[in-house]
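Order of writing sets the chain letters: A, B and C. Residues in each chain are counted from 1.
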Amino acid sequence: MRRFHALALTLSLLAAAAIVAGPVSASASAPRSSGNTTITLMSHDSFAASKKVMREFTKKTGVTVKVLPSGDAGAAVNQAILTKSNPLGDVFFGIDNTLLSRGLDAGIFVPYKSPELANISKDIQLDPRHRVTPVDTGDVCVNFDRKYFADKNLTVPQTLDDLAKPEYKGLLVVENPATSSPGLAFLLATVSKFGPDGWRSYWDKLRDNGVKVVDGWEQAYNTEFSGSAGKGDYPLVVSYATSPPAEVVNANPQPDQPPTGALLDTCFRQIEFVGIMKGTTHEKAAKQLVDFMLSDRFQQDMPLQMYVFPARDGTKLPSVFVKYAKVAPSPFSLPPEEIAKNRDQWIDQWTSTVLR
Amino acid sequence: MLRVAELEVRYGEAVALDGIDLVVGDGEVVSVLGPSGSGKSTLLRAVAGLEPPAHGRIEWDGHDLTHVPPHRRRMGLMFQDHTLFPHRDVVANVAFGLRMRRVPAERAAARARELLVLVGLGGYEHRRVTELSGGEQQRVALAQALAPAPRLLMLDEPLGSLDRALRERLMVELRELFTRLGLTSLYVTHDHDEAFALADRVAVMHDGRIAQLGSPVEVWEHPANEFVARFLGYNVTDALGTGRVAVRTDSLRVEPDGPIAGVVTARTFRRDHFLLEVKVADGPALEVAVTGDLIPAVGDAVRLAVDPDVVVSLAP
Amino acid sequence: MHAESSLGGLHARIDRGRLVRGLMLAVPIAFLGVFFVYPVASIVGRGLTPGGSLDFSPLADVVTDAQFRGVAWFTIWQATVSTALTVLVALPGAYVFARYEFRGKRLVRAAVLVPFVLPTVVVGSAFLAVLGDGGPLGFLGLDQSLAAILVAHVFFNYAVVVLIVGGLWAHLDPRQEDAARVLGAGRWQTFRSVTLPSLRPAIAAAAAIVFLFDFTSFGVILILGGPGYSTLETEIYRQTVQFLHLPQAAALSIVQMAAVVVVLLVAGRAQGRRAEALRLRAVAETSRRPRTLGERAMVGINLAVIAVLLGGPIAVLVERSFDTAGGYGLGFYRALSELRRTSTIFVPPVEAVRNSLVFAAAATIIALVIGGLAAFAIAGPHRSPRSAGLDTLLLLPLGVSAVTIGFGFLIALDKPPFDLRASPVLIPIAHALVAAPFVARVLIPVLRSIDQRLRDTAAVLGASPGRVWREIDLPIVARALLVAAGFAFAISLGEFGATIFIARPDYPTLPVVIFRLLGQPGTLNFGAAMAASVILMAVTAVAIFAIERFRFADIGEF
């Protein structure tokens, strides 16, 4: 029996450690507070920033930022909507143009016109009432495996139409738009390109050309795609325009040239926004955080943290971005209202076109 | 001294014990005899405190025990089987009750060893109980029940699962033990040989009541009613012309000019006698124990005589 | 005066028994009420009252929709087939673990739980490496097929059957089987007529759990089945997380719960409420080294099944974690503590391990208390006749969508004293909701098999009710309790279910680290994710091994 008590004791000690040690990691991931205000930044799981940058914000304003990761982008937005009567955070980051209308219609944000908006392109300021403010942009594009096309002596496809051609049969893997945000972005790119009446016949062709559909980006990119770690069988994958520089940064040893590239004529532009959540009791600190996220300091830090392009005009990009991350010259886009109105129907139609 | 008064136990609507009155004197062994379902095990469980009574009292030396929980009654109980703790070795099983009474470990172990010797299992201390034979398990169970020196030892068919030879040997040993230790005991069995061999008094139970209470000789010779008589193996018949009577199988004789005529319908060999089943003119068949050289065969017509001294009249 | 005092005593005794039983029932019921019924009722209630008044039309729409009915049907039958397969494959394994001794047995026992903690996306990539178009088994064409779903379900749930059924089997007296065989019964006949009836409660318990896991399986369906398959669970996810169609999600959740309740009731009936008391024996007495060729083959075949089915995908992960660009090495493990060091997203691996262990310990304690009390209320000496309902209620969280529970937490637990939405406490609670039914299901068959007369004997020998529990029930169920603790620990380490869908304060655990790494492109991120997975597996195996090693000195290894 004594050993049994030992087990109980060990478990209790571990539990006690949980209570006593409390914010073990909060101290590691959030800067220590020198002021007396702490605000919560609700976000998707991919939010990241340099610790140093966040510490500077705290030093400057006395405001400590606690990050509350809340699942993928869709789950985070829905959580914010469901809890709007008693919000979980003060600021929300990570609602993008495909989800924007849902958030705005639900009334989870209060308007704030940041003075920093002057530095941000009007094209991406999608809410004229400034309930949300653009922070970054990212292009979802088809990526290709350089080595595959070089070895096969095959011309790299350029356009959406190319992808349906017989020479690229069985080479493309895409994500299911019902479960994946880049998957949805790529579907929207095809809607934008071929119009509400033409996109389904394009997908008919893609299906006949052996497009493979998987559930999420992680699986498509890490497992099915041949150009990255998983060494899969598909040399074409729906990913981001910033994936090639990431392949350089996150490799050891770092290659001179990314093993992959992005097809810039296949891109859909995602814009991520930040907004002050209705019901916050720290509106001043929340405004300070929004301003900070639009400031040059934060914007310069962002590319290598979240692999996105800064929204602020004239932000100096890291050299690896300058070298390898191409910005699509004329990406596809759709107005948020149109997306909001049609997205469920498009996803259903896509499902019956491609999967059934 | 145990006194049970007007004891009643119910399982929902069913009455398991219906007004039991019983006294067990110090040093006395009382056997509770009855067929299954007669309530004899329930009586033990109620006395042990395992069944709450619906009515009545249980006393020890005049102190009311009725609502004292089982662990404070200082009694011993031994079941037919399944009573040993499979997760403990032999000595730990025997010492269990001592440990519960906070006897220091060493003294408890010493006493447990003594008892194991007493039941003939010296040297078995660290065996696993699941490795023992049935007879050995019952000896351990007995030692276990005896260890804390209970003021009343209750045994529920303790020999029921053993083979006949072993049962008879253990019966003798138990009898000796009861006498030697001067145990006050309640002994439940369905076997009247066992009851008569071990008990100072016998309580025959029927449908939750005590049908007869008396010494083995009294009960055997004068069954109080038809149920007891039948349970003890008597013939119950009206065929003798003396009203309803009980007559033992060995009180009937086959005689050429006996007063009762009948036909043999079955014949069974029983070691030292044959048992005949004889169909008589009025009433049910009679069982007759026969010895000697000339044993009638099935189908033979026979006449029976009866020894009048051993006929027990039954109240109508 | 006598009569008065005895009447008072009677009441006192009855009230105390009632009180104990009442408390045993009240604690689990209160826990489930606050952390399961209330949140789920809140989210479903909100879905059914879109305009402020009850509207059952989405439910009617869902039930009459042919495509949806197909989804419901597929959900049930894939879970049924997966469960049957798992039981078939794992039952011989349970036998081997129960009856034979072999080298490394304890380690293998601990290792079979490892798949339990692995994130599906990680296992998926390992499976695809084997079954995918270019893999060694690619020619089978199992990629994105029903077969892949079934194989993965067996992979994940093998341990459930082996440990729950094997746990009871190890206590059964092999002499009974021997006796039957001496009487001329064949092996199969002996199994069917002697062993199977004794094992039935344990098999039913294990099968119920496996079924519920398969029924609400999410990652396996999406990743290994591919987007062509959908179940109630993936539909609820789609309607809630993607579309925020709460009425449809509520309707689907109701259908899901109804199906679960029906299945549990049917299973409960098949199981038979009154399991007979068994002559339990110490584990060490019932197992021995394999002697004959047949016995050795039996052990060998089962170990081979484990090696291929469980070891294969795991080996792929281990290999990948060392396979760096410059040949095999520890580069990816180093990357774990170097990659993005300066970022808020960085988690030192030691801290992730510690967070994982702390949450798992807390979840295990909660699960042991809740599941243990429930098991005693259902099958212990003071069992309550009305506790059968608790049995079903307790299992229900396993059969309800993690999205429903997670989103339910958000809208229900937002007022003091239960404003736990952003509290770290919610994470072990969510884990315990999944782990508590395990604990109860592991304990119940063993508790039911304890002969009441053992407790009676102990009581007459002077043991108070509490002492009886401590001296009889606890030591006999202790091994099962440890198995249950191992399960609870593993469940929590693997971050199952609802926690994916609750906002979590930033105490990153190992699975969180794995997800973060997988979410970024680059071979180093992927390799580091594999390294983190291997660490998670190692931590799990060591923890389970340690838990299993805790034996109770004075009782020996019962």
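Structure notes:
In this text, contacts are C-beta pairs under 8 Å (C-beta built on N, C-alpha and C of every residue); 3 or more make two chains touch, one makes a residue touch a chain.
Predicted model only: the values in this text are computed from it and were never measured.
The chain with its Cα centroid farthest from the Cα centroid of chain B is A. Chain pair with the most C-beta contact pairs: A-C. Inter-chain spacing, taken between the CA centroids of chain B and chain C, is 51 Å. Centres computed as Cα averages put chain A at a distance of 83 Å from chain B.
Centre-to-centre spacing of chain A and chain C amounts to 33 Å, using the average Cα coordinate of each chain. Those residues of chain C in touch with two or more other chains are numbered 475, 555. In chain A, no residue reaches two or more other chains under the touch definition. For chain C in complex with chain A, the touching residues are 121, 124-125, 128-129, 132-134, 222-223, 226-228, 234, 237-238, 240-245, 324-326, 331, 335, 339-340, 342-348, 351, 354-355, 357-359, 361-362, 364-365, 407, 410-411, 414-415, 421-422, 424, 428, 474-475, 478, 482, 485, 500-501, 503-508, 512, 515-516, 518-527, 547, 550-555. Of all residues in chain A, only 1-4, 6-7, 10-12, 14-15, 17-18, 21, 24-26, 28-30, 40, 42, 45-52, 54, 66-72, 74-76, 78-79, 81-83, 85-86, 88, 102, 176, 178-179, 213-219, 221-224, 228-230, 232-233, 239-240, 243, 246-247, 249-253, 305, 307, 344, 347, 351, 355-356 touch chain C in the complex they form. Within the complex formed with chain C, the chain B residues making contact are 45, 48-50, 52, 57, 64, 66-67, 69-77, 79, 82-83, 85-89, 96-97, 100-101, 128, 130-131, 144-145, 148. For chain C in complex with chain B, the residues that touch the partner chain are 2, 5-6, 9-10, 12-14, 173, 277, 279-282, 285, 451, 453-454, 456-465, 467, 471-472, 475-476, 555-556, 558.
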